[in-house]
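If you scroll down you'll find the structure; I have some questions about it.
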Amino acid sequence: MNVLWILLLPMLGIMAPLITARMGRTACAWATAIAPFAALVILLRQTPKIFAGEVDTWWQEWIPSLGLNLSLHLDGLAYLFALLILGIGLLVILYARYYLSERDSMPQFYASLIFFMTAMLGVVLSNNLIQLWLFWELTSISSFLLISYWSYRSDARKGARMALAVTGAGGLALLAALLLIGHVAGTYELREVLAMGDTLRFSDYYPIILVLFLLGTFTKSAQFPFHFWLPHAMAAPTPVSSYLHSATMVKAGVFLMARFYPVLADTDFWFIAVSLTGMATLLVGAYTALFKHDLKGLLAYSTISHLGLITLLLGLGSDLAAVAAVFHIINHAVFKASLFMAAGIIDHESGTRDMRKLNGLWNYMPITATLAMVAAASMAGVPLLNGFLSKEMMFAETLRQDTLGALSWWIPLLATIGGALAVAYSLRFMHDVFFNGEPIDLPKTPHEPPRYMRVPVEVLVVLCLLVGIFPQFMVGDLLNAASGAVLQRPVPEFSLSIWHGFNVPLAMSAAAVTCGALIYINRRHLFQFQGQFRELDAKLIFEGAVQQLVQRMTAVHEWIENGSLQRAMFLMLLLALAMMASPLFSMLAVEGLRPQIPTNWVVTFCTGLLIVSTILTVWWSHRRLRALLALSVVGLIVSIAFAYFSAPDLALTQLSVEVVTILLFLLALFFLPQHSPALDSSLRVIVRDLGVATLFGSVVGTICYAMLTRPLTSISDFFLANSKTGGGGTNVVNVILVDFRGFDTLGEITVLGIAALGIYKLLARIALAMPSADSNGIPWSKERRSVLLALVSQSLLPLALLVSMYIFLRGHNMPGGGFIAGLITAIALIQQYVAHGVEWMKERMPINYQALIASGLCIAILSGVGSWFFGHNFLKTWYDYFYLPGVGKFELASAMVFDLGVYLTVIGATLLILANLGKMTTSERLRAGDQ
Amino acid sequence: MTHLPILPVLVPLVTGALMLIPPFNEVNNRQRALGTLASLIMLAVAALLVITVDRDGTLLYAVGEWQPPFGILLVVDRLSAILLLLTSVLVLAVQLYASGGDDAEGRFFQPLLMFQAMGIQGAFLTGDIFNLFVFFEVLLIASYGLVIHGGGKQKTAANLHYVILNLAGSALFLIGLGILYGTFGTLNMADMARVASSIEGGDLTLAKAGALLLVIVFGLKSAMLPLHFWLPKTYAASPAAVAALFAIMTKVGIYSLWRVHGAIFGEQAGGLANVALPWLWPLAWLTLLMGIIAVLASQTLRSLAANLVIISVGSLLLMVAMPSEQTTSAGLYYLLHSTLATALVFLLAGMIVAQRGKAEDRFVAARAVSQPLLLGSLFFVAALALIGMPPLSGFIGKALMMKAALQQGEAGWIWPPLLLASLAALLVLSRAGSTLFWRVRDGKPGTAQAHPLQLVGVGVLLLALVLMVVGAGWLTDYTAAAAQGLYQGIDTRVLPTGGAS
Amino acid sequence: MLDQVLLGVAVLVGLALVLNAWRLIIGPTVTDRILALDTMYINCIALIILLGIYFDTSLFFEAALLIAMLGFVGTAALSKYLLRGDIIE
Amino acid sequence: MEFSFAIAVGFLTAAGVFLMLRGQTFPVILGLTLLSYATNLFLFASGRLVINGAAILGSSENYTDPLPQALVLTAIVIGFAMTAFVIILAIRARTDLGNDQVDGRESALDISAEYKSRKERRES
Amino acid sequence: MIKRLFPMPIHTLILLLVWLFLNDFSVGHLILGFIISVGICLIAAPLMDEHPTVKRPLLALRYALMVLLDIIKSNFEVAVRVLSPNASLRPGMVALPLDLEGEFPLAVLASTISLTPGTVSVDFSEDMKWLYVHVLHIDTEEAVIHLIKQRYEQPLKEIFAC
Amino acid sequence: MSLVEWIASFLLVMGGVFVLIGAVGMVKLPDVYTRLHAPTKATTLGIGCILIASMCLHAVRGEGFAIQELVISLFLFITAPVSAYMIAKAALHRRVPMRDGTVNMALAEQARERQSPTAVPGSATQQPSE
């Protein structure tokens, strides 16, 4: 339970700086420190239990199907890291209070910092693989916020992005690795997984797991060749650097390697991959550090180098090496944090970090100089300081491995060279900054920092000394506990003392110090040599690579998506063709066994006519009015076909829709260009399209024929049987429409209504280009109203309305119904618009068509909802027969009400569409016509 | 309560109709309040349905009380219930956002929104394949109207492509339905699932052709490669609120694939079993790949978000292409997440465009937004969700899908694109965010402020995303049960024994 | 007998349809084509009535009635288009 | 008869598909219309062809399948709504984009023709 | 009141008659047809312009029958013309001076002309004083004008009493 | 066959023939103005015959006295002249040429402009100059 609070308190603490934002900087810092401090107290109270080897856990089910639970544990390793995170974190909070200037947003900084701290604590305390990953990603995200804190600076933005990209990519690999581990282990609980080392190591997945896992950890811990992001993360404020690059962020990768040491290490693959990478990083980092003129740059590469060292130790695979690794994690965190803070003080008080300008600061800030030099000496591995101890252990361990066989001696040699380089750059840090003459062109006159800004450095440097001098007392138990957690077995004997006698590691240390000093003294030659090579800026390369990637992808994308509808349509139809045709190849006979209807002359005429008019529609598609006429013939024949094949309702619907469509087409013709080229594409494209079209048509025709000639057993007998008895109508099609499947019809009229609204929207604020002459250049006739047309249309109106009523009323029993009747009424009214014009109609028939649509819909819905009050489902219909003397028997049905809704909606929608288009043009025409 | 299943269709329909007649026919606070009320009712209904279905099992509602398969049957199982909930959350968010002023940029926004909701919810509800077509058309025609809201060349051009492609799609849908009715003789999906295994001979061939045609139709809706061309343009051109609502449009296609190709042409379908898979697999994979390419090529926030939709579609299609309870469950969770997250980004993009002057949402240095901290934080959160980074629900969905793929033994094919997609999103979104909010050209920021209602709309989505994380345990159990229910099919006791077919 | 007569008359009407279609194709002016289309509408009425007689049903009556009404609307609109361009002004 | 019907459907489909692939709005809409005729006939065909069997009870002995008819009716109405929308959209596009190309930009052929004419004008 | 309920009594009557034609002559349909006819006239009334009404219905009936016979007769004539060689045709335009006044009577005249022997009304002059007629075969122009004026215009003048 | 059926058959054949003659006229006649005559008359009458035949047959076949078909004829008789009128107007408007040798061809232009004829009709000046 305590472990939960260690995580929860900082998590809640994120709010503290935000709440106290207005209370002043000191208050904000204090408030921020409360939660981590409390967590630290809780952590420290666990010390005896941890040192006794107990593990505190907390578990809460969260997402069982994912294997993700809220699961925390506090063992030695977690304790060590939590201690570093909270302890150094508190020092950084104090330090940042003085480091940040007035114009920096303190709450934002502290909130991000605590967010990061929480994430880091989550990583080390997680006892669930996926939860661990969750916090791992949160460290990437929160570090992004910290690095980009000065977001107005380009280098901060780019550095942050690069860090996020690299660690984010690694994070994804890690997710894959963790999922695989969980899959192989059968559990995602870390402590259970840790007990399954052999299962994992002998699994087929092991190599891929290891590769993915190492990708995750190496990127996070800035191992070669993924180290390039780290120096650019130095664009962050120095408190951030001192936190991220000493105790936390970059240590997360190392932590993870240590954490999974029991299950993934102890194979040759592990040894080769981890130790060699570590060695390479150690050397590359140390060597590069030597040439950095920027203080923080030097420290950054030194960090890389030390991370390489820890990785190397973990890679060696021996238990003592692991102990050394853990020890060095502690030591590095302590001295590197203090060094960054010192560098920050120097920067803060002198205005630069350039070592070429910084000289002789000893005279200006002696205390800071002393502190920094002690820490740097620890970094160099000078005896009596903590760095010395872990380095000696490392040298000792490099001598013990033999996996490389006869070439195994390379490893200690290279390690010594690394040590020498470390001495060299540490010397440079000390000598170049604090001695080496007088400062050059400093923006400010340097002086000691505010008192409390130095306190964190002092604390850390004292720790360096104490650990260096009294190692066993200071960290013996801690190291034991942490190493035990890493190894998951009893820790081997190790001795933490300053003096082990004259031995090879001591000789190696001596050699390193000597060589280091020599290298530093002769640095001019080395600088000259290095000067030949162009310095590569990883940021530029990375940005360039990303831009290259974006450009390439943009090119590919534009090549694929050229914005052409024709291509999209072609691909869609081609795919449809392929998918539709693919099963047909396995069809044995197209023709089925259903008896066919004998054909006759008239049908042949009509089929021929249909085909000819279809072809004409295509042929004339650029002679637009002609195409429309041909299309009308097609529609006419389709209607006749419906009538012929026993579908009178369809014939009626098709006919009336046809006419309205033609009216719409005519409107379109008027506003669209009158001419278009006969060949709108190249001949190749046309032939290609013709080919696809022909194939498509033949496939659809084939399927149609195959279907027509096969018998069908369908659910329709039910409709025929129940239409009269259940729906009260003899026109089964209509009963299906208003009753059996009335819901479809409701949707259908809604579609019609919405279409009308959409069209109304389309016509809003449209500036229509009206041609003043037809396609032959003949100006339009000046006669607005033809007498004969107007009169006859007028006299036909009542007749047409009567017909529509006739068709509406008998629809339930005979061909007809609300939809057709509605269209007839609409057409009759449109005919008035055509004959008399919009103005005339508007004066005499001020109907709000959209209200008509709405009322139609509402009536249809009400007829359905009405059945609720009789305890029935929506659209349950009712009908009955009544008898009136003199009139006889007649039927009343609720379906008629529904049909009335359909009727009104259709009228409203059709007229809204057509009359509004007319209305738009009228005003235009009045202006254009007067000229 | 017995009429609960039909309310998701009726409430928006009635509201939409009311918004055409006085006193609600003007764009004013009265109309907006009505819209909010309707959205809240829909949300309540959907929540109630989810609870009821989770407790009592599938709800069936025979419209007109005609016994299935003859009448139209509404089916509320766990799958449709949760999608209804998703829709209503989205509609509420969009309605609130648009009520902040965007709805006044043209006519009929609120009624069209309601009709669109009706179409989407109807498509999720119906258990009848032709009725599905009808609701597809309802949601499409409403979306045609919504895309052009506010007017402008870009919208018109995008809408033209969108409309024409979808009209062709509708034609293919009808041909497919024709073939299916011509071979199955029934339209009720549960009944079709029952009949499917008995189809053989020439009918089998025809039915396959029909089933495959429907893949095209649903693929077009869901923006499967190479049917995705309409999507980036349309989403990027649409007004923010509409684009946000559209986040669910592709999901309707995915849902239909599950319903039709998972349940009707699934494992039990005899000769028709899994007929779509050989096509779906490569196309889904390529869709994901295309999404990655497109995301990397994105130049504006809205097109980026649109291309992220393609990635999510690709991922989901891969889940569809490996039908199993795990993949479906994982896909369903991811579907909920990706819909909400994309919608969030589109809404944000709307506010950013409004504040950023002529540069709109292009990734170039421009004047600062007037509310950098607010929009920046929101963007940051939304970006995390989209990339699939914790703490928002994206990572859960991604991990679930990866796990499901691993269980199917397909991790080698599916993990790399899934992970690459996240990486691409990470690269581009971090670039996008730092450019939009940090690369500020000198000069005074604008004065445009986000309307409080817009923020409430965004808040609704954020809250939903957070709830998806907090309640992930319950939700994943639910999605697992939903997936199980999908493949079990509807209880055939409601179908007539023997029947006409 | 009546059936043969009907078939014969239907063939006559069909032939008329084809001739009208021919006029529709060759034009030469668009007014010719509109006239041809108008006539085809009327021919179709004949065809449908014949169908009604042949199948001995009155179910086709509405279709014929509608063609009579709608053919006129179409022709009027087409002519108006030629005259004024804008059919609803 | 079935054969004629299938041929007609095939022709309508082919013509529709071909026109759908054109680059101007008007032919595309024509194509959509033809295609919707084809699909309506196809959907209708799913109930098989029957003559003299209209689904009006009491009008004949063998009734045709009424269900596809109802479906086609719905499809016709929806198709009508869609056609209406797309026609007006084409008008809107022409107004907004200045031409009637589906992509809103002049086709390659137009551009080359314009280029040629401009060149000729320069030369003369 | 009655005027408001039956704005177009003749139309109402015709509609009722047509309704009965369409359905059957029964009491039920008489009532239903009456309601519908009245309703339609109420809706359509605002869309109808005022026209001179038929003053002599019997004469109108006779006129209708005469036209019907003329139509039949004209058809045989036209059939002959159609089937004889084109060279023997002598088509032409005729401008018909009008005595008749009022749009409605003129419309009836024009329609009649179009339906009857070898003539099609083409257009009115703007002042409605002339009707242009296309004639399939002209022997003499005067004969055409005389025939139309005597046979059709005169009775119409009487019918509409103008 | 009953008497009614004989009559009906006769009417049907008449109708068919007239419809065909109308179509033949459509193809054969020389210009659009002359072609107008064919459908407005021949076809209308043809339909009329067929409709009457239909009425007769329905009456005999026991469906009662159904004179619905009269309504179709009513529509046709009202609309056919207007269709012809509109088409003729359109043809004039587009200056569709009349056949050479058309009497009073000059009147076409005046009809197009809807003016009164410039000279008294029937005078020699109106004769076409052949």
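Couple of notes before you dig in:
A, B, C, D, E and F are the chain letters, set down in written order, and residue numbers restart from 1 in every chain.
Criterion: a residue touches a chain if its C-beta (ideal position, glycine included) is under 8 Å from a C-beta of that chain, and two chains touch if they have at least 3 such contacts.
Not measured: the values here are computed from a predicted model.
Fewest steps needed to get from chain C to chain D, stepping only to touching chains, is 1. Central chain by Cα centroid: B, whose mean Cα position is closest to the mean of all protein Cα atoms. Between chain D and chain F the centroid-to-centroid distance comes to 33 Å (mean Cα coordinates, whole Å).
In this assembly, the C-alpha centroid of chain E lies 14 Å from the C-alpha centroid of chain F. Between the Cα centres of chain D and chain E there is a gap of 40 Å.
For this pair, chain C with chain E, the centres built from the Cα atoms lie 23 Å apart. The residues of chain A that reach two or more other chains are 563, 565, 569, 573, 644, 648, 667, 669, 700, 707, 712, 714-716, 719, 740-741, 744, 748, 751, 754-755, 758, 762, 774, 781, 783, 786, 788-789, 792, 796, 799, 803, 814-815, 917, listed in rising order. Annotation for chain F: residues 22, 24, 36, 38, 44, 66, 68, 71, 74-75, 78-79, 81-82, 85-86, 89, 93-94, 114 touch two or more other chains.
Those residues of chain C in touch with two or more other chains are numbered 10, 13, 15, 17, 30, 34, 36, 59, 65, 69, 72, 76, 78, 80, 82-83. Chain pairs recorded as touching, per the definition above, are A-B, A-C, A-D, A-E, A-F, B-D, C-D, C-F, E-F. Those residues of chain C lying in contact with chain A across their complex are 7, 10-11, 13-15, 17-18, 21, 24-25, 30, 33-34, 36-37, 40-41, 44, 47-48, 51, 59-60, 62-63, 65-67, 69-70, 72-74, 76-78, 80-89.
Contacts from chain A toward chain D in the complex involve residues 563-566, 569-570, 573, 594, 596-599, 603-604, 607, 610-611, 614-615, 617-618, 621-622, 624, 627-628, 631, 634-635, 638, 641-642, 644-650, 653-654, 657, 660-661, 664-665, 667-669, 671-673, 676-677, 679-682, 689-690, 692-694, 696-698, 700-702, 704-705, 707-709, 711-712, 714-716, 719-720, 723-724, 730-733, 736-737, 740-741, 744-745, 748-749, 751-752, 754-756, 758-759, 762-763, 766-769, 813-815, 819, 909, 913, 917. Put simply, chain A touches chain B in their complex at residues 61-68, 130, 133-135, 137-138, 140-141, 144, 148, 151-152, 157, 160-161, 164-165, 168-169, 172-173, 175-176, 179-180, 183, 546, 549-550, 553-554, 556-558, 560-561, 563, 565, 567-569, 571-573, 575-576, 579-584, 586-589, 592, 700, 703, 706-707, 710, 712-719, 722, 726, 739-744, 746-748, 750-751, 753-755, 757-758, 760-762, 764-765, 850-851, 853-855, 857-858, 861, 865, 868, 872-877. Put simply, chain F touches chain A in their complex at residues 71, 74-75, 78-79, 81-82, 85-86, 89, 93-95, 114. Across the complex, chain C meets chain F through its residues 1-2, 5-6, 8-10, 12-13, 15-17, 19-20, 22-23, 29-32, 34-36, 38-39, 42-43, 45-46, 49-50, 52-53, 56, 58, 61, 64-65, 68-69, 71-72, 75-76, 78-80, 82-83.
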